[in-house]
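Since the structure comes first, as structure tokens, the remarks are kept for the end.
Every chain is named by a letter (A, B and C) in the order it is written, and numbering of its residues begins at 1.
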Amino acid sequence: MLELRNITKRFGDVLANDQVNITVAPGTIHAIVGENGAGKSTAMRIAYGFYTADSGEILIDGTVCPIATPHDAIARGVGMVHQHFMLVGPMTVAENIVLGAEPGSALALDRAKASADIRRLSDEFKLAVDPDAIVDTLSVGQQQRVELLKALYRRARLLILDEPTAVLTPREVEEFFAILRSMRTQGKTVVIITHKLSEVLAISDEVTVMRDGRSVRRLQTKDTNAAELAHLMVGREVLLRVDKPEATVGTTKLSVRNLLVKGPGAIARLDRVSFDVRAGEIVGIAGVEGNGQTELIEALAGLTPPSQLSGEVRLDGQDITRLGARIRRELGVAHIPEDRHRRGLLLEFDLAENSILGVHYRKPAVAYAGGIFLDNPAIRRHAAGIIDAFDVRPANPDLSARALSGGNQQKLIVGREFDLRPTLLLVSQPTRGVDIGAIEFIHRKLIALRDSGCAVLLVSAELEEVTSLSDRVLVIHAGRIVGEVDPTIATVEQIGLLMTRGH
Amino acid sequence: MKLLRELMFPLIAVLAAFVLGAIMVLIVGDSPIQTYALLFSSALSWPDGIGYTLFYATPLIFTGLAVLVAFRGGLLNIGAEGQLYVAAFATAWTAIVFANLTAWVLLPLCFLAAIVAGGVWGAIPGLLKARFGSHEVINTIMLNFVAVALVSYLTQYHYKAPGDPIMETTTIGAGAHIARLGRFIPGFPERIPLNLTFVFALLACLLVYLFLWRTTWGYEIRATGSNPSAAEYGGISIRRQMVLAMAVSGALAGMVGVNEVLGYRYRYYDGFSANYGFTGIAVALLGRNHPVGVLLAALLFGMMIRGGIFVDAFTNHVSKDLVDVLQGIVILFVAAEAMFRGPFAQYGLLKRSKV
Amino acid sequence: MRDVFTAPLVMSTLRLATPLVLAALGGLFSERAGVINIALEGTMLAGAFTAAAVTYASGSPWVGLLAGMGAGVLIAAIHALACIRYKADQVVSGTAINILMFGVPGFLSGAFFLSSGSTPQLPKEQLIPYTPMVMAGLLVPLTWYVLYRTPFGLRLRSVGENPAAADAAGVGVAAIRYTGVLLSGVLAGIGGAYLSIGQSSLFTRNMTAGRGFIALAALIFGKWRPVQTMLACLLFGFTEAVSIQMQGVVKLPSGEDIPVQFVQMVPYLLTIIVLAGFIGHSRPPHALGIPYQKG
């Protein structure tokens, strides 16, 4: 039905797809599985015409098709449901479904026909969607069915579903799978992108595993098992070994009790999480991205509005649950954010100015405590110190942060946060998009900080990074801590299973 | 090199506007060369040309700075027009009510009145945005009209000299007069209304620079404008910055009232502003949202206003409206910067963060 | 009090609301497509001047009206090009157009009519005092129909709310936005033309006097919906009519006139209040003001 041949796609410096080959047989449910950033979505967006491949071919029904826009894909019978729904919230279900393919004439939209067609389709696939409801009032699960109807209405024979279950409750997942099976019975072909192994095993006929932008293996689902898939997915060769001395653990620094963070729609993104981090240890959070790690770190850093929180966070016994980011910094909490462009840097500002973000109102940024005049010479010395200690290149404090490579931007942030002399460091994806040399450097610095008695909470999507750096590993799944493992004993496969199945 | 690059683009925009203006002049049947020669020679003659050019540039420096400060904080202040009206009336009111005070007390009081009135009027849309998330652009536009109506009411019903057919207040106390520069410069006649406010405007450029780039408050405003998420991460309250940036912006716009009332007419005159607030947007954009750029752009626009009057009088067909036309085209070109840079450079001075 | 609310007042309200309705509906097409249009003021001025000048030259108000629409489209095209093609800040582009159009009519009238910003007086038989009123009245249901009952309207609304979704559904975002902005030019052009060759008999300097902004306020007050927007225009037209009629007629208990300025403030204050969410929240189209960038 669909075949991708040697698809390569590059975004700037990042090679998102590297000679990807995927073959989807007609009338099957085909899973594409891999870690975040493995290139699954990119490959499928290329198949749908959202991106254009740098090289490679797309074949539909055995013939090469140039697919440049979603319009082309739709015309060939390909439909896609994006991870983030492409719906117009204030409009009705029917309006969303017919948009771009409206029945009736240019002068009059045939609303009766639209409603009737949708009802018929909805019944045929047992979707139970009311065409006249406003999309914003629907549950996420219902919205997803609207997306399915959109594709079906356009007579899609092949449906690509990008992480369709990420937003669903377990019950909704069951219902959703029933729908997919009924679609298969009706002769449709389904491609489902996921990183949850349990789902692959439950729903798919065939599976393609992707890793680091490449398609690794194509398997019949009945011939494989979770352990093999987990190994193929996360078990790459170990590139880095971190040598670290035994941790000298001190008193409890951070104590989290029943921390709950509500997301949009009052869904708990982080669900009553409890754990401690002690001085002198690195506690790693392992988990597939999007399972509550971001919410956890932001809540601990004081960046979540108190109205969305419940539970308790204590630092050295002091309740800091409702304190803002500034006060937490003053109490010794440093934070290396997961997305350096969104949170960590002022890209238009120079390195000197970036080096004082968060401490811009106190020494050495100002000459006198409580003063409002910036002490430029002192700021430049401060920046130069960080640049020197953390080997930021080029070593020019006047350069704008935008001018640095990802690795050097990250070193600047790490340097800035280390310079706070923190007693608790929250660090998220410390080496994402960073070159090998900088990775090793940052890892050594993190170990050194631990050995100086700082408590470190580490989140990383790189399982290997978590296991090699951490003294203890907590596994997070669907907003809950589902287990604690000893990284010196547990295998990658064991942790991988916990991460993807939640038990 | 960097400076050259910064100057390059505004120069192209101005040049392009003048070329288009020349074509229009040609179409209506006058000589562009003569028109432009007249425009610049009358704007640069000594003492009247230069005196009036600087006088017209003074309010534009203030409104340009006002727009700049808001812009650096990620906000677009279209309300300088309303802020300067409220401030002008407030300073006139102070100078009328406390007319008997000695100059040493009255003048600072009048300054304060202008700054506070402008600042408060500016802070309102900042507050509305911080509190309710309503867009500052719409609110500043609406508040412009409210301001105009409000001061017009006060003038007409409470502070007009009985029998005066003109919509203006009674005159202010002599203690509140700001000295004209003619008093200090030999050969520079005192009839030219250029006054010490111009010096304050230059000072304001310096102060705004120091405020934005040398204080923690300025750092917080710029950080919020540059990347609100990162500012939040750095422990900065972005809501507070919205209010602060708009208040400072309004206070700067308010200084226009000082120039107008204390330095020029010695009374509040209804409808005095020749779109200073809106032209301030052009000045700020053309000046690349930097105080030095604002100063240069304001001087250019001051020249155009001054020269425009002569063009109006001494050409057959070209009216002073040419100045508005040129200004409009300049902003359009500056706004559509991508037009000159090709489709690949879409970030730049117009990148405004959405808070 | 009773003798104020008379047939003349109703007529006066309708007369004053007509340009507002036309311009506000224009703004609706642009803003529902996601392009902020604070250039309505300038667009109306262009329409007003062109209509008066062309009517004077041709002797026919119909030719004048058509020319006024054409001028509106031209101005809107500049705005559309800047905002859609070159991704300019939509507010800045609109401000530029307002400043430009503050000057252009004066510039041209100075050249062609040797006046300082006005066109020559037109005879009574070259005026169209009623047609634009009827057009405004008919355009409200028509706009409603186009917006909610045609494929184009559906696409227009989707592009203003979620252009990425529209794009994914195969809708050409840019094309729809261009159409929306150009339509706003047509309507604001008619609204402007009505001022110069309908309500009065010549173009005078800055004759819109903020009506473009009041139309914008009405659009917000009417929550970007055609019928509500018309009602807002009628309300604003009514306040203006009252303020004109009231002068010297209605007195405060103290014997003073009710200051006309307070009546003038009403539309603007109401808009601020509505925008803040005090009287039912007015939610702008979600993608309003954001250039569409694919990916």
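The definition used in the following text is that a residue touches a chain if its C-beta (ideal position, glycine included) is under 8 Å from a C-beta of that chain, and two chains touch if they have at least 3 such contacts.
Since the structure is predicted, the reported quantities are computational estimates derived from the model, not experimental observations.
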| item | value |
| --- | --- |
| Furthest chain, CA centroid comparison against chain B | A |
| Pair of chains joined by the greatest number of C-beta pairs in contact | B-C |
| Chain centre separation (chain A, chain C; CA means) in Å | 46 |
| Whole-Å separation of chain centres (CA-atom averages), chain A against chain B | 46 |
| Distance between the centres, which are taken as Cα means, of chain C and chain B, whole angstrom | 27 |
| Footprint of chain A on chain C - complex, ascending | 149-155, 157-158, 161-162, 164-171, 286, 295 |
| In the complex, chain B residues that touch chain C | 24, 28-29, 76, 78, 128, 131-132, 134-135, 137-139, 141-143, 145-146, 149-150, 152-153, 156-157, 275, 278-279, 281-282, 285, 312, 317-332, 334-339, 346, 350, 352, 354 |
| Chain A contact footprint on chain B (complex, rising order) | 213-217, 219-220, 222-223, 226-227, 229-237 |
| Sites on chain A touched by chain C in the complex | 50-51, 69-71, 74, 80, 82, 85-91, 95-96, 98-102, 104, 106-109, 111, 150 |
| Chain C residues touching chain B - in the complex, by the definition given at the top | 36, 38, 78, 81-82, 86-89, 91-93, 95-112, 114, 116-117, 210, 213, 216-217, 220, 256, 259, 261-262, 264-265, 267-269, 271-272, 275-277, 284, 290 |
